[in-house]
């Protein structure tokens, strides 16, 4: 096999173009492209950000069972930092933000916290948001934000038959095979055929609680103590 | 070479020189996002938009683009259109944007688009370039829908989201998974080969 | 939970193989996979460019793009293309042998979706410098693996009496589909427990 | 001078022919599968019979339609069908077994040009296709016990429709127990004896380890399979799982367990040794088997799936041309060996 | 005595030797005519020096050597040259040959010696005399023996190997030579050692010829450094390279000669013939031929005048049976089939094996299933599977890169192939076309 590099014959008729012309062409093209993009960006940026926030906002509302008021907290090094306005930019890798939902407008009746967290599934990350009541350690509601599990199989983790029964269970959750449960309030029935995917959801909840739980508890103790 | 008619310019890319089925170009999106017909159409439309837009620009300004930097310029133009599509989809159809994911940005490196600029738009009039881009783009959409149809019907038992076989249908999940992409295109090619070869044989028999 | 570097490497290499799972880098996969020797060199060139891409994408992401995220696609493609060009010229000058081995593949790779795909995925996953590096190497190894497997199978099937309707790309796609099926065995590797 | 002369033939040398023939090899393998099938029927009842028949029918159809003339007689198709059937759960709807068989032969063999030219083991490719298509049906393992005549699942589900899960009493396979339910009573109670002699949840042909070994031994003695492949698979599985078991006996299952659980026996003896898709050189056979064992343990231990034999074999199938190329025998009179006398 | 076999692979076909192994060598009656092809040996054909009508006596030269790698041909019976022209050749087709009508009234007696007494000759003259006697390798290849007696420049031969393996099934020529004429073999060895200036000789005999081993041991002269060695029964034990490896554990380098490892190999029948020639003074005009197989009525080991037409030879053995289907000259593994029984016996014809219909029923070729049995059988460690695949696609260059030239066409791969792929035939054809390509390039 010969792999000599064949230099294509120069086309003799093409006139030499001065370098400044090349640079100018690229410059103009680049500038025009940039200009166009800035314009489109201006038109779409807010909408895109809003779409993202909306997704999280709706999810928070869903897993907390429709709170009247939501407060966001940045997860600090050792404590939760309350934010003035609810901020829905979440980083599910770092678990940078949790949300507290209240049943009343004044923020008196705490419904629970919403936590968004992720881990690697079969192919890619599974991102889950769930509501959690720090006082009873109960899960309030679960929603899968994003996953790439097998369609038709692993994607059962985003469906009600699996997620519904998790509601009301107490962390630490223990995944069990359907029918094998002993009836304790820690148990979650996994999905036949998608056992691992469903176990991952359970682990995500456990890990998220393990990670942010102490800070939530601390905040709660402070808030209730201060009252 | 005789000058092809306008309709030839338009229809050539649609079927006879279909970018995916015949020339094997743009395979990456053709395999990656065709697990439903809707995704196929969306991806096809996005590509059509980028292709038509850049063909128009390139053929309009072909006089001013020096040969030495033409590829870079084409890429710049294509990338601009792709970014526009990307942001627009993200803003107004977030669901679709999520389904297509990074593959929208990857339209930039779809060899079909760059190929059309280099081979056609940079040499022809604006009108012809437009026809050619439309033809090729529709050809691309057709190919993607062909893929999407097979994959969605078998893989989800539905077409454009409408269930075809009732609730008890057992979907062939493999078709919506990556292997299904390869297999579906392989299956189409087998069929097309069978068809063309049969036609050739018939023609040969007719001639004899 | 963040993945270990080894996990990222293995993940990019076999679990989410760029070619067989993400359909990236299909042009060389279909075009250059006729011979093992060529496939190996193509793979090497790919690893090299992917690594380079990962580094430049990291630099862009951290120092340039925070100010203008809408320029991401454009800047990735332009920077990568020119970088590869420069490296190509440098190799040509410094080591003609290496150039003969890898050089002719470099221009092919520049407009290869795997390269841009890597840059975008790396950005989406918010990988740091070393994570990105391992991701790139894993992806490159995965591409090489797929290329070499494909090439060695094709060297066999070139001599087989493949039926007329399956000759050419149809068979290649079915082989690729089979490989992709086989690679499904790696699903979830290192991510359970 | 006239001697009555018969018409004489002229053929090329050698004029003698060894006893082996392709059809003989294939039919021997087929016969040797019958005891395995028999044990399966004894355990899983009519379902085991039906599933294998459906898979075989699925294999025969495309071969008859698109194959070369007379290629049905070489027996290879029947082997593919029976092997595919043996790897399926007994309760699977028959139409799925049929589809799997069809895919095996049409896409796993005929597109490559028929017998001898395919790159992947057709039966396993069909199995992988089914596994990817119908993961739930393919991982629904019926429990033992009950009346022998009872079907072990909704075998007669209508084509394209899903089986009725209510018909099935399921049970986890030992490997699944070991992977996800290690603490459970069922896992604790599981002994290697059960794996070797007893009936555990699993595919049609999984339980008959001893019979498979005996039949494989017979085939190896007759040189109808290369003994190096199963030998190296067993060896590498034993070594790798043994090492892991030594490191942490609580986390990693014992080598005996790894050897006798899942489809390892069937895979090592009948699938990996498929002549077409295994290497031709003996050195490559060792590497091939070693690779299968290693990948099996990797997938079983760290992968997302409980069982990896099938994928391990398919992956190594893909490597076979490469292995063949790199293990060419040293031709007589070349290389380092002593040349001139001292 | 040790049972040696250091060569690996090979095959073990049923040997069918019992048909003739116990039958002592007998002389066949002179036929009505003999036909002497001018091309009976490897190298240049001999040049005819008689004309039609000439009267020739037994042992008279009818054709002389044309060059160094060539030997003369002698009349094998007293009679008249009746025809010089094309005649069916055992290898197929027609080739120039001298036909002698045998004088029915001649006594065909032994005549005064034509060759000098060997003890009076020096090395060079001895080699010349061997050429003059028309001796070629009688094991089948018919390579002129005198050429082998002069090792190439720079190679020192230290050992003479005598090949008494006769690993081909059916044949018992060498076997009976060793049983019936062991003294002659030992004398031949003595002459060869003298000729080569070598002290030591090893005789390799397969263990299925116990009587031959015993007779050779019994008659071994005390002053001769000869060792008789039993070898495992395995085809192709008698191939030069395999024999050298089994007896001495040396590998002849690829493309090299036995002399490269200090060895020369001679077939036992050739050695006996040299001894006989110097004993009787007559050149090589007759040889022992095994006529055997289930297709022949009375199998026998016969001393046959070179040039005897196959039809006569077979008639002398009772004729063909009704189900005879194929006549093979030489052993069934490497011999060539011959459909024209007018073809004559040549110097290199070791045997005539007649196979019956049931033994040669043609087997349908099937696709290769990559079982690898051919690799396990190839004595020189080729990859016949790969080579066959390349041959099918006419990739001759690739084949030569994969050591096509090391193939000795022993037929083991074809023998074991379950799919009946005629591998060795394909390799022979490939070698031919490679040779042609080389020739046209040159």
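By letter and in written order, the chains are A, B, C, D and E; residue numbering begins at 1 in each of them.
As a working rule, contacts are C-beta pairs under 8 Å (C-beta built on N, C-alpha and C of every residue); 3 or more make two chains touch, one makes a residue touch a chain.
All of these numbers come straight from a predicted model, not from anything done at the bench.
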Shortest walk length in steps over touching chains, chain A through to chain B: 1
Partner chains shared by chain A and chain C (touch criterion as defined above): B, D
Pieces of the assembly after leaving out chain E, positions unchanged: one piece
Per Cα centroids, the chain farthest from chain A: E
Label of the chain whose CA centroid is most distant from the centroid of chain D: E
Closest chain to global C-alpha mean, per-chain Cα centroids: D
Centroid spacing, where centroids are CA-atom means, of chain B and chain D in whole angstrom: 41
Cα-centroid distance, chain D relative to chain E, in whole angstrom: 49
Centre distance in Å when chain A and chain E are each reduced to the mean of their C-alpha atoms: 85
Chain A and chain D, separation of their C-alpha mean positions in angstrom: 43
Touching two or more other chains - residue numbers and ranges from chain A: 33, 37, 40-41, 45, 122, 150, 152-153, 196
Shared interface positions of chain B, touching two or more other chains: 72, 76, 79-80, 83, 87, 171, 173-174, 177, 179-180, 183, 186, 190
Pairs of chains in contact (touch as defined earlier), listed by label: A-B, A-C, A-D, B-C, B-D, C-D, C-E, D-E
Sites on chain C touched by chain A in the complex: 1-3, 7, 11, 15-16, 21, 35, 37-38, 69-71, 74, 99-100, 103-104, 126, 187-188, 191-192
Footprint of chain E on chain D - complex, ascending: 1, 3, 5-6, 8-18, 20-25, 74, 76, 114-117, 223, 226, 275-282, 285, 324, 328-334, 337-341
Complex interface listing, chain D residues touching chain C: 66, 107-108, 110-114, 117, 119-120, 125, 128-129, 131-132, 295, 298-299, 302-305, 308, 310-312, 314-315, 317-319, 321-322, 325
Residues on chain A engaged by chain D in the complex (per definition of touch): 122, 150, 152-153, 177, 180, 192-196, 199
Parts of chain E lying in touch with chain C, wherever the complex brings them together: 389-390, 392-393
